[in-house]
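Each chain carries a letter (A, B, C and D) given by its place in the written order, and its residues are counted from 1.
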Amino acid sequence: MTVPAPTAVLLASCPDRKGIVAAVTRFIADRHGNVVDLEQHVARDEAVFFMRLEFELQGFAVPPEAFAEAFAPVARDFSMTWDLRPSARRQRMALFVTREAHCVYDILGRHQSGEWEVDIPLVVANNDALRPVAERFGIPFHVFPITAETKAAQEARELDLLRSNGVDFIVLARYMQIVSADFIGHFPNRIINIHHSFLPAFAGAKPYHAAHERGVKIIGATSHYVTAELDRGPILEQDVIRVSHKDSVGDMIRKGRDNEKVVLARAIRAHLDHRILVHGNRTVVFG
Amino acid sequence: MTVPAPTAVLLASCPDRKGIVAAVTRFIADRHGNVVDLEQHVARDEAVFFMRLEFELQGFAVPPEAFAEAFAPVARDFSMTWDLRPSARRQRMALFVTREAHCVYDILGRHQSGEWEVDIPLVVANNDALRPVAERFGIPFHVFPITAETKAAQEARELDLLRSNGVDFIVLARYMQIVSADFIGHFPNRIINIHHSFLPAFAGAKPYHAAHERGVKIIGATSHYVTAELDRGPILEQDVIRVSHKDSVGDMIRKGRDNEKVVLARAIRAHLDHRILVHGNRTVVFG
Amino acid sequence: MTVPAPTAVLLASCPDRKGIVAAVTRFIADRHGNVVDLEQHVARDEAVFFMRLEFELQGFAVPPEAFAEAFAPVARDFSMTWDLRPSARRQRMALFVTREAHCVYDILGRHQSGEWEVDIPLVVANNDALRPVAERFGIPFHVFPITAETKAAQEARELDLLRSNGVDFIVLARYMQIVSADFIGHFPNRIINIHHSFLPAFAGAKPYHAAHERGVKIIGATSHYVTAELDRGPILEQDVIRVSHKDSVGDMIRKGRDNEKVVLARAIRAHLDHRILVHGNRTVVFG
Amino acid sequence: MTVPAPTAVLLASCPDRKGIVAAVTRFIADRHGNVVDLEQHVARDEAVFFMRLEFELQGFAVPPEAFAEAFAPVARDFSMTWDLRPSARRQRMALFVTREAHCVYDILGRHQSGEWEVDIPLVVANNDALRPVAERFGIPFHVFPITAETKAAQEARELDLLRSNGVDFIVLARYMQIVSADFIGHFPNRIINIHHSFLPAFAGAKPYHAAHERGVKIIGATSHYVTAELDRGPILEQDVIRVSHKDSVGDMIRKGRDNEKVVLARAIRAHLDHRILVHGNRTVVFG
């Protein structure tokens, strides 16, 4: 297998008007960059323009650290919000867990198999239940038991630990603890949760019980960025599976796990690939 | 194609205990009935037993009109609620419509192609919009404009019309009008609605707008029996389709129509096949 | 509802190299065109570039009839194959049918409901079975019985009829007759077929019988452009549904119909939207 | 969590005729067994009857070891093939692997989380690649390199090892080696394979490459019992995922892995639950 040539991803959004794509691609081409992928989208109801542009860095005349200054005139011209992410920079992910092992096994298995370009420097838990799983994969496991009284102090300690480990984003792999707004503020659109229902249905606790009670014929899972409002953040990915009257709550929980794993893995991958733009409380997930 | 031998479907439920299947199948076998399909289910959390048993009438020693008396001892023994439905009896369905044509075209096309063993003696509407569709298929079209003031009187007239046409059940094919509890009482578990969301999410009006606003990645449709509580009746069938940030509300409406058609058609077929048992606010839909 | 502003779609492909998107979007922007949608794709294994670019014609400095000359230098520069399709031009579709009614009902229902911007000037059949369906929708119905001896002559008459009706493309809606290579040559990548299996499995006759015999747990449908090789043309769309041991061949045929309808309808829409580029025996279907 | 009461599963098939269900359920009820689940199916084209009946052993008058003799008259009467499997008996599964880690991680993760009632006494491989995975989970790992010359001898050693470990069935978790007909004969309908295509399409080697070449819009996975004919055994489970022109062969391989894992896991579970009856080259998979 050949190593792919290094690329950078430019994510940008701005008010829609004529000539945005032309101006940006001209900027890249004039500096000898080769666009290998471009996807744009106009939300017509709000006249907002979104773009994901990936270009090869080899031969590109502007070094990453000088990009902002070089690109500033174009950005200014279109009142553009943008972000540049070089593919060479390997991201660092922290896992937050409680008792459910399936997402943790799934994520660590993918990690170990080399499916993702990511480092997992640590697992954070609010109890000891999954320590053997983390240890099985050789990942440091840190326990921060949290009560109403200790929450602020413990989160501060967690933030220190995350910072000292250079963590870029957090995955709540069925972490059964509400994270404070203050904590979230340190990782805006960088905390990915998996909720075990097709939101907005069955937000909150025990969604499979509620689904069984309502007699639905499908159950779902939703991965979203965590915001201060519980289960209300921008949705990254959702999927469902069929159930029937034969399925007890226990069956739903078991079958649902497979769905949760896949939905969360797809969301993580989209995040790693820089394919997500958040706009208001919605996402643009480029294909 | 050979005409299938006439059968009867016995739908039954009762408190669970030993020997129910044995007693019922012995009753059938002793009278020379041949069981061609049997499915049973025990809801263990409530210890309730459900059964659908289909048997050939040819050679069966008990004529349909004498079944109740012959079966009474078994039913009494197990405190069984039951219903016998001979397959030879062709059912009669009324369509209620407003403006959306897709479900109507789909249902009338299936009817015309002979997909279902059903008669459609009439279409009921609250305005004239879909008269050309009904006429295209040669189905009588009746308009009952309804306002708050006229509702009771108009529903009474509708009931007369349904009765005089021998209607067994009603399909609300995107009928945009709330049906009164009194009206529903005349067709308990015999009014099938299609709602354009994966209930319980997005109950009420304009679900696709709400889905777009929330930024979901799947949209759904739900077919349920109509009860006095809006969009809260027992669910017969649900399915979803994927959407993305590219889909405007209009795209969701358009794509959703294909899903609504299929979900409603599956629910109608399950109802026609006597595969549904309602228990509380949930359904058992035999396979 | 407001009428959308007129746009044109540019479909283009060429050997991949730097600056293609920049050159094309610059060409559009310099002539005051507003790009409302752009999707490009590079098939890296073959280094081929594909693009679909939709731009508003209002204010665009080049009238459609002068586009080719104006765009020629760009196209030449990149050895580009391209096609421009103004959205204002309403396409004309011919339906070819035999005995199966479900796709015909589905297509004519969509047409009548205004779901597609398309005219259907005629239905062509090889027997009389579906005449009542066409007549129900007021579409002229032409019968061309075909035998080995009459095939060439009948296809010539069909071509005359299609030409005189200004037909742009043909949909074989379960048309049970092999179309000659000569006929296909008159409508390259403009004849859309629906085959009732997930190709390449179960090509040829009686795919549901073969699927039942093999004991598969899913059955599919495939829409493809017709080429001289039977069931081997470029695939536009596929989907599947689940089946089980309970499903007889007849059940598969019935359930499969719903899948066929939806798959064919999606393929037709993609064709109408100018979202398809054929490359070798594969398609790029822009999103 | 309460331990479920011990049950036994009776799997039976025979020529269809009147009174089978009645006779069998009467046999159970007369001996104080409580039927907790019964599903039967008649393949009408062949007039063959299939049944899965689960009943509680508590209070059942016949001990497992005496069942055969007690049941013999009923079985004889209907020319019935049957099998009784007590749920208390925990099964033992061997994993055969080569280089692909994803199914192995998935299976061992499920095992470790207690999702299945199964023991995994050993992993068999034809090379050392996945030794670290097995060791991570503490499962003995045995390597049997196989060449054309050593095949017979190595398979004999494998059989010895399987026998001495009391292995009930084998899962080929992307085991890239053809198993001999003789070997298969020791585990009839007890070797489960996962093939990375929707069979019968793309049997044999490199199915994702072939799928990419053909330009399909869905890719699949198939789990089947291994028979002497490669990729032709009775199918247990299949599923598909959507792909597009954007997906390279590498993308298909990656996305396909998630599908393979889930399909294989569902097949294993159905096998463990005694829900599968093989008939000819097809399966009845009870719900």
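As a working rule, a residue touches a chain if its C-beta (ideal position, glycine included) is under 8 Å from a C-beta of that chain, and two chains touch if they have at least 3 such contacts.
Small disclaimer: the values here were computed from a predicted structure and weren't measured.
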| item | value |
| --- | --- |
| Neighbouring chains shared between chain C and chain D, ordered by label | A, B |
| Comparison of A-B and A-C by number of C-beta pairs in contact, larger one | A-B |
| Distance-maximising chain from chain B - centres being C-alpha averages | A |
| Centre-of-Cα separation between chain C and chain A, whole angstrom | 37 |
| Centroid distance [mean C-alpha coordinates] between chain B and chain A, Å | 41 |
| Touching two or more other chains - residue numbers and ranges from chain A | 41, 44, 244, 246, 287 |
| Residue numbers on chain B that touch chain C, as the complex places them | 101-102, 105-106, 109-110, 112-113, 115, 133, 136-137, 244, 246, 254, 257-258, 262, 265, 287 |
| Chain A-touching residues of chain B, taken from the complex the two chains share | 41, 43-45, 50, 198-202, 214-218, 220, 234-240, 244-246, 248-249, 281-285, 287 |
| Footprint of chain A on chain C - complex, ascending | 17-23, 25-26, 28-30, 32-42, 44, 287 |
